[in-house]
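Next, two complexes with chain A in common: one pairs it with chain B, the other with chain C.
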Partner chain A sequence: MDINRIHCENGDKCMNGLHETSAGRISKQPHRMGSLREVKVCLLGDSGVGKSSIVQRFVTDTYHDNISPTIGASFMGKTLQVGNESFKFQIWDTAGQEKYRGLAPMYYRNAGAAIIVYDITNQSTFDLIKVWVRELHQHGPENICIAIAGNKCDLEDLREVTERDGAAYASEINAVFGETSAKTAKNISEIFIEISKNLPPLEFEKYKQGVIQVDSPKKNKRKGCCK
Partner chain B sequence: MATSLHSNQISAGQEHAPGGSQNPVLVTKDSYEELEEDLSLDVDQSRPRHASGVIAEIVESRQHSEVDSNQNNAAVDYPATDQQVKGITADTNHLSLGDGQLTDESEVFVEEEEQRLRSGSVLQTVEKTKPAVVEEDIHSAAWKKHKKHIFILSEAGKPIYSRYGNEDKLVTLMGVIQALMSFVQDDKDSLRSVVAGGHLIVFLLRQPLMLVAASSTGESQQQLFLQLRYMYNQILSVLTHTQLNRIFEQRRNYDLRRLLSGTERFLNSLADLMDSDPCFLLTAVRGLPLDNTVRDVIGQSMQSAKVKDLVFAILIADGQLVTLVHMKKYILHPADLHLVINLLKASTSFETSDSWVPLCLPNFDSSGYLYSHISYLDDSPACLLLMTVDQMAFKEMENCKQKILEKLKKHNCLAAIKDSVKRGSYTCQEVGISELRHFLYKNKSTAQFTAPSWGAPYSDPAEQERLFSLYRFVHQKVHNPARPLKILFYVGSHESALGWITSGFELYAVFSPLTTKQVAILAVNKILKWIKKEEERLFILNPPEY
Partner chain C sequence: MNSLEKAVTQQIMRERKNSEREEMVNAILPWDKFSQWLHCICVVTFDLELGQALEFIYPSHIKLSDKEKMNICYLSFPDSNSGCMGDTQFNFRIRQTSGKVNHHLLVRRKEYDRNSPVILQSDPAHLFGFVYFRQVKDKSSRRGYFQKSVVLLSRLPYINLFTELVELIAPEFFDKGEELIEAACHDIDQWSNPVPGDTLQLPIMGTVLQVKIPAKGDIKIGALGIARDAVPQPMGSPLTVVPSLHAVETFMCLQPVLPHIQLLWELVLTNEPLVVMGPSPGITCGTVHALINTISPLKYMTDYRPYFTIHDSEFKEYTTRTQGPPPVILGVTNPFFAKTLQHWPHIVRIGESIHAFLDKSKANKPKKPGSLKTLESKPGVYTQYKSFLSKDKTIQKRLAKGIQTRRPYEVQDAMLRRYLLELTQSFMFSLERYVTSLMPLQRNISPWKHPPRLKAFDIEEFLRTVEHSGPQLTSGLKGDWESLYRRFFKSANFQGWFQNREEEINQKLLLLHLEALSEADLLKWCNEREEVEVVDLVLKLRERLNDITERNLPVKPELIQKLHQGTESIIRSLPEDLRGVLEK
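Let's turn to the complex of A and B:
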């Protein structure tokens, strides 16, 4: 397996503040403050907790009661203005089912932020977020901003996880926390705004960017196997 | 009253089967022949998997070319990412269901699941899409009334899937099935079918799974086998053969429903689709009627946007194939395309955003996944699938899709597709044969078929069902392995039907019940002429290649 290729293909070129101009020519200009910053965000969590609903609410401001489960993962983009900075969120909405777990690394690699979602009406989904946090700490990017969302907070009478438990765990691991409801839109854009404030500093990305520039011209030299 | 005729009564030449093509877009091997081969291997269970290792082959050739290019450039080391890369290499061919996960963590998950069941959480109600049906069990009258049941269980007798009713309540039935099958298996034999009253019960063993269909629809054993094979392939398309085997090697009593959760809807929709869509019966794909100039432009747009490692690019609208571009060496099997069409039919989650889905195409390579970029183009009914062997290539596929989309927009192709979908298939009247009510025509050299829309008197779903079972009846008669027929003319109380098989095509035509043999034969010749005239619009004849 070609290390260089993987290295430059994994989306570094598109998410760490680099302007992608063409496959082989990547702008050397890093983002300045006040300009558009691209952020890769991935949503993790058990199936049925409402990851897709959260993304749908955030991106298109709509909500559907009975959406079919995500297969694999889906991708959406949305630009958000926070203060005088713009953030272009590139959101990976992953499938929660166990069989797709093996794919998760591909989505959180090089991500600026991860939102781990649980369902406040289901204790076992809350227990699962610890597994995800552990995995992110072990295999995820070093400076990834973790956010924890307790979704379905409109279903107060079915609650199994208290807000205090959620908040306590989040502060223990230094994560952004919010109880959300994709149905009522509560805290949905707030959690993204909060993420934008807690992103890893740009200096880190500049360093990474240097790495890419060394090998990025190689992209052009790749040979096809199937002309 | 079935009468067989002599083929020389029919004048049309077989060499010029309308809709034929030199470069087929799909694998054209007859699935009934395949089935025979398949079943003959049943006993020793050493069924060779189709073209296994194709994905590995593609990945390998890619790696070779990369190593070459690498040697020309000074290799740069990135210790930080080295390990990740290794992980990815190991993952390219299968979703890592980490070994540890199966043994240690899975215990945790079992507990979790039990908890979930006990707490009766919201999730449960979300997952069961048909709560009314789920309540049925073996004693309820409604359950017994269903025309076709399909059961899937593991060799250990654990329920995996039932078309109707909750599997948990059918444990005893699954136990009986398992006992029956393994009893016969003990004698190094295999149980094929049992006739019980009006029901035909068919058993298919695909280690480590057992599949059973119990039907009162009058379908033949072969037809039911074929449907069970589709169900099996649907499970493979989610898990791959390799992973399925590994799971059961590690734990023979594993509850597979855990891994399949969320995909029951695909099994359900596949079972429903097989009862209504002739494409499964014919193992052929229906092309969307389009002007051939438009289709060529679409094909060229897709071809010119080629990126590395792209194996198949498929454009589907409304369950019909618009066009397909494939790597020169690899051809798609229609049965695999049926699974893709079923995937799109059964899930609405692709409509809202671009998806990245690992998909195993069992007839292409049952040991690994093709990673598929799935997107509906510009809110049109046209859905583009880009399939690659590279798990990390989402961005490349996204760019490729953008290029294709721009070109299609520029040439107004999306509008043409939209129009065609809106207009639907042609009516039987357009063919201009007064006695003709409906027909199915399959060209064998392209594995594509065409049929008019369900016009009167078949606008009613119940009538459609009756017509479909007539087609199935004629089909099973001409495909009878003991006594295959070339031509069959059948007169029933509601209509008469003609089935005609040549080396180039299969044609099934339905007429009013008083139509005579001679009139019917004249009519089918006219149908062939009409199809010949329209073949460029109805069939995909010159698909571009990568």
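Let's turn to the complex of A and C:
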């Protein structure tokens, strides 16, 4: 993967005149004609697999060992430039606990992408991603880009799910796949970049104002990002 | 320790204290951000034994007084609740009787209020309640009905934003249960603080609302209503732009009483007791807010209740016949009020269907109050009040034409708001100009004297200025402007407005005086004076420095430092015995 052409800005930095923080404070209208696409992304998966840590690593490039469980969902914004396109990710990091599972449809409603996370050291979290995939196929937005992240890949000694099993399942359902580590930052921004390339096409007739444009042709083929 | 060292130590201590205070203000605790927006969210349900009852409050550490709870319970359900099937939305306003506010929340709120247009300032003594009520058939319930309300409580008058917010939260809650309220509150706890002038993105339950917080001086906000200057959002975008925090649909709500719009404007302007009787809380609250807004950008200073019931804790106080009616605006739906408030001088009656009210001929004359016996009386304005200003036929004709040609509501709305804004501005212009003339001259600001203050408001002197350059020039309306002013001067609206202006101006004068002080050659002045005068100056300087902290004046730190240094160097120039006394 060509890392050099990718500029990953921190959540707190200015970009294209756009100033944003985690809960989005804007000082200027961010739209430079034809270059920015707002994308809603939601993270799903069992509790404790590291969803919040992945988001934290991606947005602020930090990592903490003990973070408290998410309640409902938390929200972060981050702009990512891939080539000459900018993507403004609205990231909804959902709670993994069972009691919040009923809330998930609000977070994947209108989402351009979903990252389903499991923990490679815990087989049961891998089993659960299939439930999420089924739910997204049945109730999620049409054409939603699904990415599967096998997190905690720094803990090789404790591994219960092989990379091959993860990759095989992902390719079976035509999803982006990567083994990630929020702790070491491995494949974190890569998975978002890969998502940006596999987003559902915009429905042009709905975007009369020309605020949003995508130059690159639609890509149907989904592939793993970290082989 | 010599005095310089001491001064430095003192300065350091002071700075440390300040920075500690600042840190306290900046540290974010759980629910701090939430509390900048909402007080809490309540769920009120119908209990077979108790009637309306609070099911739960979130965040759970929020304590409401029994009085507040009782008011919230009654005000969260329609009062005369027969036809309200399905979902209904409305809002109310109650007196706040509970709760101390954290020091640092208070600091934030003061800062917000200072930079905010007066009509959007936070309410220190009241809470607004934004209700989403659902009543549907439910076979599993013994009563056969599901009846429940979600209520957002806030000190901020963001009518539009919170109406929209509760509309997002409540239906999802009915579907998903308590976890939803928990999740929504956590979302709100991530919102940036409302800072006037900022455009914010507010994540809530999987969507993002974009709002602009108006700053002081953004006069058109509210008065001209919905400013769609934001980039139009494509459909399916995950961003929802909320065009205005608080704008109400003035035209839609006041359409049934349009022929009397100027009369109503006068009544609201002069804080006359006014009751709005309507068939549902949704209609009364829309009308009450629209009435309050007719005098925008002027703030309505006395109490108003978009929805008021016979169970309200202020019921006795407001309906008593032992005193005259209070200068408040009430919105009521219970037919009982037709009798209770019979003695009120001005009654606005709004019918069931606002849209059906297109026939203008019947409603042209205000009706005598005696003819209002029951709530079945015809819609209209019941009063014996004669307006001071002559009727503006042009606006009436233009709006009537708009109704005939089915002009879009937004256009009619903008037209009516602009008319009312210009009317209020014409009225206020002479007052503003007169107040400016009460300002002391720049050359009267001397570092050696007390800071000058605004001169007293002289009614007769003001009225003499109106004779030759009054509002008749800008508005073109004929009438008895003088008497209208006289009435206005007796009202809380005037007192509140003048107090506000006076404070603003006196603060500005204080700042100018501080600047003059910091630029003056203090030592040179002292050299030519008696000791007594010098000591007096030192005391005055300390008083000024005290002013800065107590009034939280927006002063540059360099200026404070300069004044401190000036004071210290004067003290150093004094004989030892005096120095000892002053350095204590």
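The working rule: the second predicted complex is superposed on the first by the 170 of 227 C-alpha atoms of A that agree within 3 Å, B and C clash if a C-alpha of one lies under 4 Å from a C-alpha of the other, contacts with A are read in each partner's own complex, and residues count from 1 in each chain.
In the analysis below, a residue touches a chain if its C-beta (ideal position, glycine included) is under 8 Å from a C-beta of that chain, and two chains touch if they have at least 3 such contacts.
Remember, it's a predicted structure, so these values are computed and weren't measured experimentally.
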- [ ] Identify the partner contact of A:L155: answer first if only chain B is touched, second if only chain C is, both if each is, neither if none is.
- [x] first
Open item on the list: Let me test your reading of the model: by the given contact rule, A:A73 touches which partner, first (chain B), second (chain C), both or neither?
Closed with: both
TODO: Tell me which of chain B and chain C touches more residues of chain A.
DONE: B
Task: First (chain B), second (chain C), both or neither touched by A:M106 - done: both
Open item on the list: Taking the superposition on A as described, I'd like to know which of chain B and chain C A:K40 touches: first, second, both or neither.
Closed with: second
TODO: For A:E98, select first, second, both or neither according to whether it touches chain B, chain C, the two together, or no partner.
DONE: first
TODO: Report, in rising order, the residues of chain A that make contact with chain B in one complex and with chain C in the other.
DONE: 71-75, 95, 99-100, 102-103, 106, 109, 211
TODO: Using the touch rule from the top, collect the residues of chain B that touch chain A in their complex.
DONE: 58, 61-70, 72-73, 75-78, 81-82, 84-89, 91, 94-98, 101, 105, 109, 112, 115-116, 119, 121-123, 126-127, 238-239, 258-263, 265, 308-309, 311, 327-329, 343, 346-350, 352-358, 372, 391-396, 398, 546
Open item on the list: Using the touch definition from the top, list the residues of chain A that touch chain C in their complex.
Closed with: 20-27, 29, 31, 38-40, 42, 71-75, 77, 90, 92, 95, 99-100, 102-103, 106-111, 203, 206-209, 211-212
TODO: Within their complex, state which residues of chain A touch chain B.
DONE: 1-7, 9-11, 13-14, 46-48, 52, 55-56, 59-60, 66-76, 93, 95, 97-103, 105-106, 109, 119, 121-124, 127-128, 131, 139, 152, 155, 158, 160, 211, 214-215, 218, 221-227
Open item on the list: Going by the contact rule set out above, which residues of chain C touch chain A in the complex?
Closed with: 33, 172, 176-177, 179-180, 182-184, 186-187, 190-192, 198-203, 205-208, 230-239
